[in-house]
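Written out below as structure tokens is the structure these notes cover.
For reference, chains read A, B, C and D in written order, and residue numbers begin at 1 within each chain.
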């Protein structure tokens, strides 16, 4: 090998070339600046050892866990439950324990990138400045061409429920009147139902459930989707409570129940009405409560007596009369008795109406405003923040949609019919999408139409952690921080706790929080066209967390300063029993079995039964796609720990149906209807009924799997009142199946 | 004082949420393929279909087979009954993975070694609970001293659990209670 | 004094590593390709690879697809990914690299984890630069040897192979082959250097910190 | 593929043991006494083959036992571990075979030495089998592993001796007397291997739940089919033909050795791979 050196000696003759190479290299190295000699030798500042930070899981989930992030030398090592959080009590779910894995996935979006053409997989890395310039240019161009920002549409929802993430809405508002996706795909039919009934939706402190003697879990699966509630349910059981689960699927929750009732999907109202009839027939209704606090009892009683029989209810629901009797008897005689209604149950064309029918059970038995009783659904009573991050008005002179009062407003599209509406809009058409905290590519109904909608845009910007089905169809992806990389504050729509989310690690790569993106885009817009955006152009993220607090929040949570949350999470000092004063906020001030408001909105005034959707002849099976165990929608399932634990989606099929279709365990099955198809492996199980097939929505790594290929955007019956648009009947999805 | 630490798995409370399995991986930064604790489906069929679960890690057996077969003596039993593995000694022969009736020792192709649950001995020594026990949202998993343990209804084995006569595992189960069901496939 | 031949060789080697660093830090340009080819030719039959001209946009897209994203990377340029079982960032290897950088008074100013290939190559080149510059040459030679054994050699061959297997771009395939061979040649070059490079007295004014 | 080194180690070591043992056994035949010189010279080839094969096997085993730096640790477990006995006896067998090869270059080897060498090898095989008789694997917790391994040694060893008959001058001298009955012996071994394997699987299928699972896994595996058809039926047919019409050809003997070894490797792979399949030990 010595000759190598000698050879290089000869090469001295070509010194010119060599020098050139060295010079080029030196110049390049200086430019790249990847590593540099520190200006002065300083002692390393990063050797901070092990630190812990309070974080809050920001996912769209009942439990909104308090977390402790353990960071060693600036690297997130593990994530545990916060023992001082009174609801989650130091425990996390299977997803929560995978966060270190998720944060350091090499698959994360690292830099702003531009895809041309859209969907080609041909990506170019750009600087934040370039990306923001392209985006700002397009925004200003649209504004110029159409005279307003209405061609720009925002679709943002529940990817991160941290309060500071409302900066996205704030950013759009401060650019001008625009178009945005209004509504929520989750829970709106049930919210409206409770508003018609009681004037508002307000669940008990869920820790209250321990005081109940009879708990009916109606269409909720806390064993997968609210694990901490199971502890409270077990506690109630240990104190002698009976637990009933009513669900079309025999869930893990159902296996913990004293009584499980398998119901035909979407017929819950009929079961509740059958129960009500039995209760009235046996004189177990609370006449005093009905007299004092309920509007419309005579009308409803008449309906029950004329239209409802147990045999009728049994025929519709598939639940034997014997079971209805047992259930009604148990509910009406074992007090306090509690109803908890899940969100899956109201994703039907009669979902809101069914919730109203179940609520009615609590009303006629006087179980509202009672410790250990009530009809639990959700609340937003702890969300009274300033929403400072979205408190900026459009620039002066902005033009938008002219309202009836002559003032300009934003234009809305239905989030739950997003694909169709975004394509149908005219004057002006929608030309640009901003998507953050949302993955319509896999979570919206009719995946094909979503793709078409994306294709009809001039520009699609997706802000996300991973290149999911939506980001794949974007022109520009922007990397955003995880909740370990940006500060925030979180509350829940179920329990009464509030947690601070401290920044635990530096952002990976060039990830920015939604707030930082808002600042940066505002800065760019103002550079290009001064005054075009009212959003602040810089700030301190921690300070902005502080700006969300007000005296009301402080009083509610019994704290003096938000920084106190760094010591421990706080619980709202709300009454633990909702409606204890029976002061309902309905127009009549009473619980309204008869709602004029519902009638005025074109709905049945009473919780009468609205027939469930019937299966068309060519697609005779219902296809349920409820929430998964290993994922939260399209989050989590793609990471290594989850792929090991749950490598592929399975279609749960009853053995009878499988036999009729010649399907064996493990066979590939095609699930299809007019809209599209899904292919996956069969798992034969009697946990699902014979006329229903089940799989769980998720985004698997390197997989095109998407349950929403067969789901049509059929609206639920309610939702408009509170969220602006009706919910989606995700579970009114009918298909046929065949072996591949 | 004799001592034998072990687990009590209350299957009546277990919801199969896998928090225990994942909390263990989170605590020890285990590779995806290696599960020191695993949650198995329990007796879904026949008769009454249910979703119940077995959560199994190392059972810190009275007569550990792993220790018997290990050619390099990597396994030893502590005074409190914990079966420890000296990971440096392991040569990856995989005899323990074959010999353990419960699949406690897990082989990692990446490390060419086997490893297993040591009942969070360093956490215990620091006065903490094992990570899996700490994580269980349904409080279905507890750390017990079998020399003191007496829970009504607790049993040494359940259907589907391997033959416990071989090693006398330090685990007790409270079997799940099957509720009443009204099903549509009757 | 370093022998002139040795010095010339070492300068080529230095240039080569800086250029390689550049090749993995950003999409290629024709100028850098040209320089890299020059430097490769000086290495002669040890490498025996010539880079075809890079094809502007297509190769830029390929660079991103292989090393940047935004999707799943066929060849993630991070040591940690190749040395951790679950192919994750910021695992033990990344910490190891970071502590080496600190030991040699270098800090990362790039928005990438310290174990990005470009950073490791640049650090390696920097050590070489210090050797050539007569700054504690033998200490830095030993550091190079160690960094090569403990880091670069542990994953770059597998990384290069992944590039070769997953790219259809002649440019990036050849770059991967060249990288693999350049790194491979270090096995023979490194042991020869200590005897070829005279140890120098530490300058009296270089205070230890 | 994580079992491949263990599979190769056991199969190769057993083949070598079988070779020495069958060769020793044939020392008792009239032909061996009549043609003592040829018998001794054939021994030279036998010891070389056996010594080299086990040496290779031992090297391969290092990749199973500590990759390979820490493998020597396995030698320390004689007090408790059958694995240590297996490894050490295999080492002694190798040394003995190579020693006898050295000796046999100049003079004939005393029959007791051949016997000793074979005994070391058989003991190694015995311990090798006992390692896998584990209570947690009910299908194997019996004499089957030992019996299966010993039959494997007999079959592959006899087949290699057939090959040596065709390959060496001394072998060719002995072939007229040996070829027919050695083919028959090998065929008998193949038959025995088939019967034992089937008995093993059906005993497991009738056993404890874990054993039933294992049996179902084995009989459902394509490796099982490969072993039974390509590894036993095919060489069985060739051997039957050889026994009827003795023909001392390298190609035929090589074919028999190759398919038998392939069959043994397939079967052994399944043997190991199916052990971790049992019961709760499945890959969750």
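Keep this in mind: a contact is a pair of C-beta atoms (placed from the backbone, for glycine too) under 8 Å apart; a residue touches a chain by one contact, two chains touch by 3 or more.
From a predicted model like this one, the values you see are computed outputs, not experimental measurements.
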Task: Mind listing the chains that sit against chain A and also against chain B?
output: C
- prompt: Using each chain's Cα centroid, which is most distant from the centroid of chain B?
  reply: C
Which of B-C and B-D has more C-beta contact pairs: B-D
Message: What's the distance between the Cα centroids of chain B and chain D, rounded to whole Å?
response: 38
Message: Counting only Cα atoms for the centres, state how far chain A is from chain C in Å.
response: 45
- prompt: How big is the gap, in whole Å, between where the Cα atoms of chain C centre and where those of chain D centre?
  reply: 50
Message: Where in chain A do residues touch two or more of the other chains?
response: 101, 640-641
Touching two or more other chains - residues of chain B: 29, 32-33, 35
- request: So, with touch as defined above, which chain pairs make the list?
  value: A-B, A-C, B-C, B-D
Message: Which residues of chain B touch chain D once you look at their complex with the stated criterion?
response: 35, 38-40, 54, 56, 65, 68-73, 89, 91-95, 97-103, 107, 109, 112, 160-163, 166
Statement: Listed in rising order, chain D residues that touch chain B in their complex are 2, 6, 64-67, 70-71, 73-74, 76-77, 80-81, 83-84, 131-132, 134-138, 208, 210, 275-276, 279-282, 284
Query: chain B touches which residues of chain A in the complex?
result: 77-81, 90-94, 96-98, 100-101, 223-224, 227-228, 230-231, 234, 250-262, 264, 318-320, 322-323, 629-630, 640-641, 643-645, 654, 656, 685-687, 689-690
- request: Flag every residue of chain C that touches chain A in the complex, lowest number first.
  value: 3-6, 8-9, 11-12, 14-16, 18-19, 21-22, 25-27, 31-32, 35-36, 38-39, 42, 44, 46, 57, 60-61, 64-65, 68-73, 76, 78, 81, 86-91, 94-95, 98, 101-102, 105-113, 116, 118-119, 122-123, 125-126, 188-189, 192, 196, 209
Chain C to chain B touching residues, read off their complex: 84-86, 91
